[in-house]
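Each chain gets a letter, A, B, C and D, in the order it is written, and its residues are counted from 1.
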Amino acid sequence: MTIGIGIVGAGIMGADHARILHQGIAGAVLAGIHDADRPRAARLAADTRGTRIFETAAEMIGDPAIGAVLIASPDETHAPLALACIAAGKPVLCEKPLAATLEACRDILASEIAGGRRLVQVGYMRRFDPGYRAMRQSVAEGRLGAPLMMHCVHRNAVAPHYITSDLVIANAMVHEFDVARFVLGEDFAAASVSSPRASGNAPARQPQFAVLETSSGVVVDIEAFLDCQYGYDVRAELVCENGSIALAPNPPVAIRQDGRDGFALAPDWRGRFVDAYREQMQAWVASAASGRPAAGSSAWDGYVASATAAACLEARRTGAKVRIDVGARPDFYA
Amino acid sequence: MTIGIGIVGAGIMGADHARILHQGIAGAVLAGIHDADRPRAARLAADTRGTRIFETAAEMIGDPAIGAVLIASPDETHAPLALACIAAGKPVLCEKPLAATLEACRDILASEIAGGRRLVQVGYMRRFDPGYRAMRQSVAEGRLGAPLMMHCVHRNAVAPHYITSDLVIANAMVHEFDVARFVLGEDFAAASVSSPRASGNAPARQPQFAVLETSSGVVVDIEAFLDCQYGYDVRAELVCENGSIALAPNPPVAIRQDGRDGFALAPDWRGRFVDAYREQMQAWVASAASGRPAAGSSAWDGYVASATAAACLEARRTGAKVRIDVGARPDFYA
Amino acid sequence: MTIGIGIVGAGIMGADHARILHQGIAGAVLAGIHDADRPRAARLAADTRGTRIFETAAEMIGDPAIGAVLIASPDETHAPLALACIAAGKPVLCEKPLAATLEACRDILASEIAGGRRLVQVGYMRRFDPGYRAMRQSVAEGRLGAPLMMHCVHRNAVAPHYITSDLVIANAMVHEFDVARFVLGEDFAAASVSSPRASGNAPARQPQFAVLETSSGVVVDIEAFLDCQYGYDVRAELVCENGSIALAPNPPVAIRQDGRDGFALAPDWRGRFVDAYREQMQAWVASAASGRPAAGSSAWDGYVASATAAACLEARRTGAKVRIDVGARPDFYA
Amino acid sequence: MTIGIGIVGAGIMGADHARILHQGIAGAVLAGIHDADRPRAARLAADTRGTRIFETAAEMIGDPAIGAVLIASPDETHAPLALACIAAGKPVLCEKPLAATLEACRDILASEIAGGRRLVQVGYMRRFDPGYRAMRQSVAEGRLGAPLMMHCVHRNAVAPHYITSDLVIANAMVHEFDVARFVLGEDFAAASVSSPRASGNAPARQPQFAVLETSSGVVVDIEAFLDCQYGYDVRAELVCENGSIALAPNPPVAIRQDGRDGFALAPDWRGRFVDAYREQMQAWVASAASGRPAAGSSAWDGYVASATAAACLEARRTGAKVRIDVGARPDFYA
């Protein structure tokens, strides 16, 4: 049985998901594309051997050939599209963030719970990265003792001009919130934020440095710097009672040339997390086929990541430490 | 369109291929298993949700539900099975070596050429490893200048008792012959072999150290040591006129514990080449679906690897440098 | 001309300095030892081929055979000993901290300025580590653009029982304050401190995590964790506008054994900074011989490091961000 | 007591030794310089604060202010100078090779033995490198089991035009012969040599690749490539029964810039072995002061390295495997 996947949004992320489907995901076929920018949809359709174009997202969501929907359109469309999919009873893989506001996140939770079936997975793909999985596993197995601290770094070579200092938190750091919760298995209780001086390469946008505390007292610090120039660079180290575990660089080759020994960094997240994106898609397709909840971030996880970002934005605005309280997780998401 | 794959041989390699198919290869489904040891076939069938068991390989090869055949049975069965598949017009992925003797290799070449269609891929999976591919690409693009030397290391933690010093060459080093040809794009012209003292852990089996020269004068040295105890370890460095490129270690995480900083090595080839095996399978399935020749090692490549191994065995026996001449590659394999 | 060095304090640090002198520092000879614990002094004298033992520090400082004094006695003795050396006009290498209180630091500054000659070097040996020097040089040369952030880690395997959470800052983190100023070339303006949960291996002592801002807006975060169990581990990364520079691990050998590839970490600071200690001593002896100010941390630098530690202790106590103002540097220390 | 050192030869090596003495070696002072090129001697004298210039080497060797002699003049002068020093009873540190011919080596051995005192150390400085020392220690302690293979790489960025393919062996590979004997603690019994194609950057000079066997059956392979363009690069891995130990790269800092993560390689041997040269000098001075035999390579070791090179040159010329027999080591060198 093969599931037809419909993609909303033919931009960078949508095109990359289409490419992943096209290169081979068992049990799935790219069956539809919709983009408000029709020529863009047409280009992606052509690149993928004539995938069918839908004129509206609603039409695609409702089409019987579409068994599951991937949302890669602008943030403010995430919530209405996800709600439409829930109404149609179709599994959704929604690019992060889950929604543009916390209220919209809560609407999705309510709708999903009312429907009685978990249909939403949020595209926090790092949960499928072998490095983070190994870190989580080491926590679960207790081999290094209890976690005490976690250091996270998130750097992009360059960011689009519309990314403000606030969006550094809401757009980039949000990945760290989700994956730190995934690794540690607990929620954040407090956050404070420092804003280092801006780089001359992007004078209107400051790097952001957050320090969070989990409910058990683990301190997690996160650097998000979207103008580092040299490449895409994500790092994490978990410091435990008896040892430390960190993401390792994973270049296929090392090169000695021009007086230097080293290796190439991926230019952006697609190269760095190529395996994670594929695994995420395969796992989502498998869960869509089986009807079981997805293995990745649930709607609840997506809501908590956004709520944590909101707290960090407040900490940045006020300069003070901000308490974080997301409430109790509904049993539905256990 | 989904191709049904039949696997001959339910041992370590066959089971691993079945697992890969089971975890998701687009366009393919595991459709049959045959093993001379029926209970072993039954166990693998059970592990893969009731795959159909065939009583004979011939029956499976002839079955219309089987569109392509994966040969993972003992070496001496490779040739008759490959010939049967060629006769049936079905694509084959044959575990290395192509055949147990050079004569049997030549039979397969002749049969494939006579049939007029390239149906055989040999399972030298390293051609799908991102590291070797990057090395090959750097040669093709000339970024580091012409290759001059290549250093290769192949170590297993422990080897089965039946692996003799000769089999260290025929069974393990043969991977290096194939992948060095893949990276360098040329054939070997001469070989000499040294046999270091045996390890006390395996007194009846010596490591082997070969020095080969390609037709253009590149010197390739290969260590094969199957009793290194500490893990599976494959390395390669290509030394060119203006720089050097080497396989990089690719652990997902680094761990600091007990006075040491480091990372875990894969216990065997399945962990180290997990991506290469999957990519090989996906590429083979895609070629089987399209009818185009496979992207991996052809029957000709399989023959040349075996012929190079034969020359090294002679060099080991005589202690002298041995000329290698595999003849001109038939246009059929261009 | 050879300078006779007198060492006050024959404990771990004093003995290590004696060993360094003994192994060969040009222009210097170990000429005297004093320790309040006379048998301990006697043991060290015996280990260094019969170095003369002085009954009191004052006697040693006043002896004409002693040209310069190394202070490695308990913290509260640093100030009186340094003042005595200044009074005697003899160069001093004083183990960190410069003094036990900020007031005592200021007394030393006043006394040195009144004497008109810079005689005091504080033993922040990291300023002689090739890694930190390369980082400082890259800032000075501007090759990576302006610094924006600096991440520092300071871990010991185990700490003595008397080290409290406060002393983690005053005793360990103080190294980071000095060397970050050295690398960045500017002072700190503010600090806040988080205290992660304590390790079960040392339940009475928490790791400390400080976030400091320099006057130009660089954010410097520092982890100090003195119970990491696995070894001594000091790291630093300087993130600049166009790239990042970090201390590299520098083991002499890498070992593959027991399923792992890695290297040994130094058990404590003496192994990690063995070269820095030797270079520090050689530079101090050279400055003592030439009469020029020492190349390492001055009394002013020692005062600023202690003042920064005091601010962090207040930040830890209050939970709030604390402003740091050390006043203008006297021209005497330019 | 301070020993006056006289240096013969003010070229690259002589000047570097002078700099090391100048930066501080306990117990020694640079007391004299001689070079056949008098202006060159004058420049070095000026660079080292007016060291005395001697018009002839003989005069310097005979001068009472000169307690020990460092020979850094052209290869063919090594033997006569060493013999003069032995006749004068003065300790010698002689740059490698010990002499230009095996006969001259044997003259030095005979003269030293006749004199009854070991006065000659050969400047194979790698014996003082922490990496090789750790490898030797691991063999001595047996922690990894018995050695089976050793892989060595020796690369220079560029070589002077007068270095022929033969000199790649005699001049560069000779370091590997000495240090492999040091690590393994045994002599070579046989050698064969391959000559890869030449680089277009140095068409008249081929890299050399030697495979040697020790008396106990360890296989040692050595690449020497003096035109690798990218930097000075020396590597060694010792493969033992239960694990492998290798020289680790030891850069002080790692840099991420321009899409790459990596570190700078030393441009030549002086940067790579800066510590080894200093330790060698300090150990030599200490042995000269104490009258004990030097800790580094003896005249016997120098002879054996040259004899091994001679065997490799014959292997290269004949294309065959050559037996190596240096005879029994005289008890004098035990």
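Methods note: contacts are C-beta pairs under 8 Å (C-beta built on N, C-alpha and C of every residue); 3 or more make two chains touch, one makes a residue touch a chain.
For clarity, every value in this text was computed on a predicted model and none was experimentally measured.
Participant: Need the most distant chain from chain B, centre defined as the mean of C-alpha atoms.
Facilitator: Ranked by distance of C-alpha centres from chain B, the top chain is C.
Participant: Sort out for me whether A-C or A-D is joined by the greater number of C-beta contact pairs.
Facilitator: Counting C-beta pairs in contact, A-C comes out ahead.
Participant: Would you mind pulling out the distance in Å between where the CA atoms of chain A average out and where those of chain B do?
Facilitator: Computed from C-alpha means, the inter-chain centre distance equals 37 Å.
Participant: What is the distance, in whole Å, between the centres of chain A and chain D, each centre taken as the mean of its C-alpha atoms?
Facilitator: 56
Participant: As a quick test, compute the distance in whole Å between the mean CA positions of chain A and chain C.
Facilitator: Computed value for the inter-centroid distance: 43 Å.
Participant: Going through chain C residue by residue, note those that touch at least 2 other chains and give them in order.
Facilitator: 228-230, 233, 242-244, 256-258, 263
Participant: How about chain D: which of its residues touch chain A in the complex?
Facilitator: 157, 228-231, 233, 249, 256-265, 267
Participant: Going by the contact rule at the top, pick out the chain A residues touching chain C in the complex.
Facilitator: Residues 145-146, 148-149, 151, 153, 192, 194-201, 207, 209, 211, 213, 216-219, 221, 223, 225, 227-230, 233, 239, 241-244, 319, 321.
Participant: Under the touch definition given earlier, write down the residues of chain A that touch chain B in their complex.
Facilitator: Where chain A meets chain B, its residues are 2, 23-28, 129-131, 133-135, 138, 144, 242-248, 250-258, 263, 275, 282, 286.
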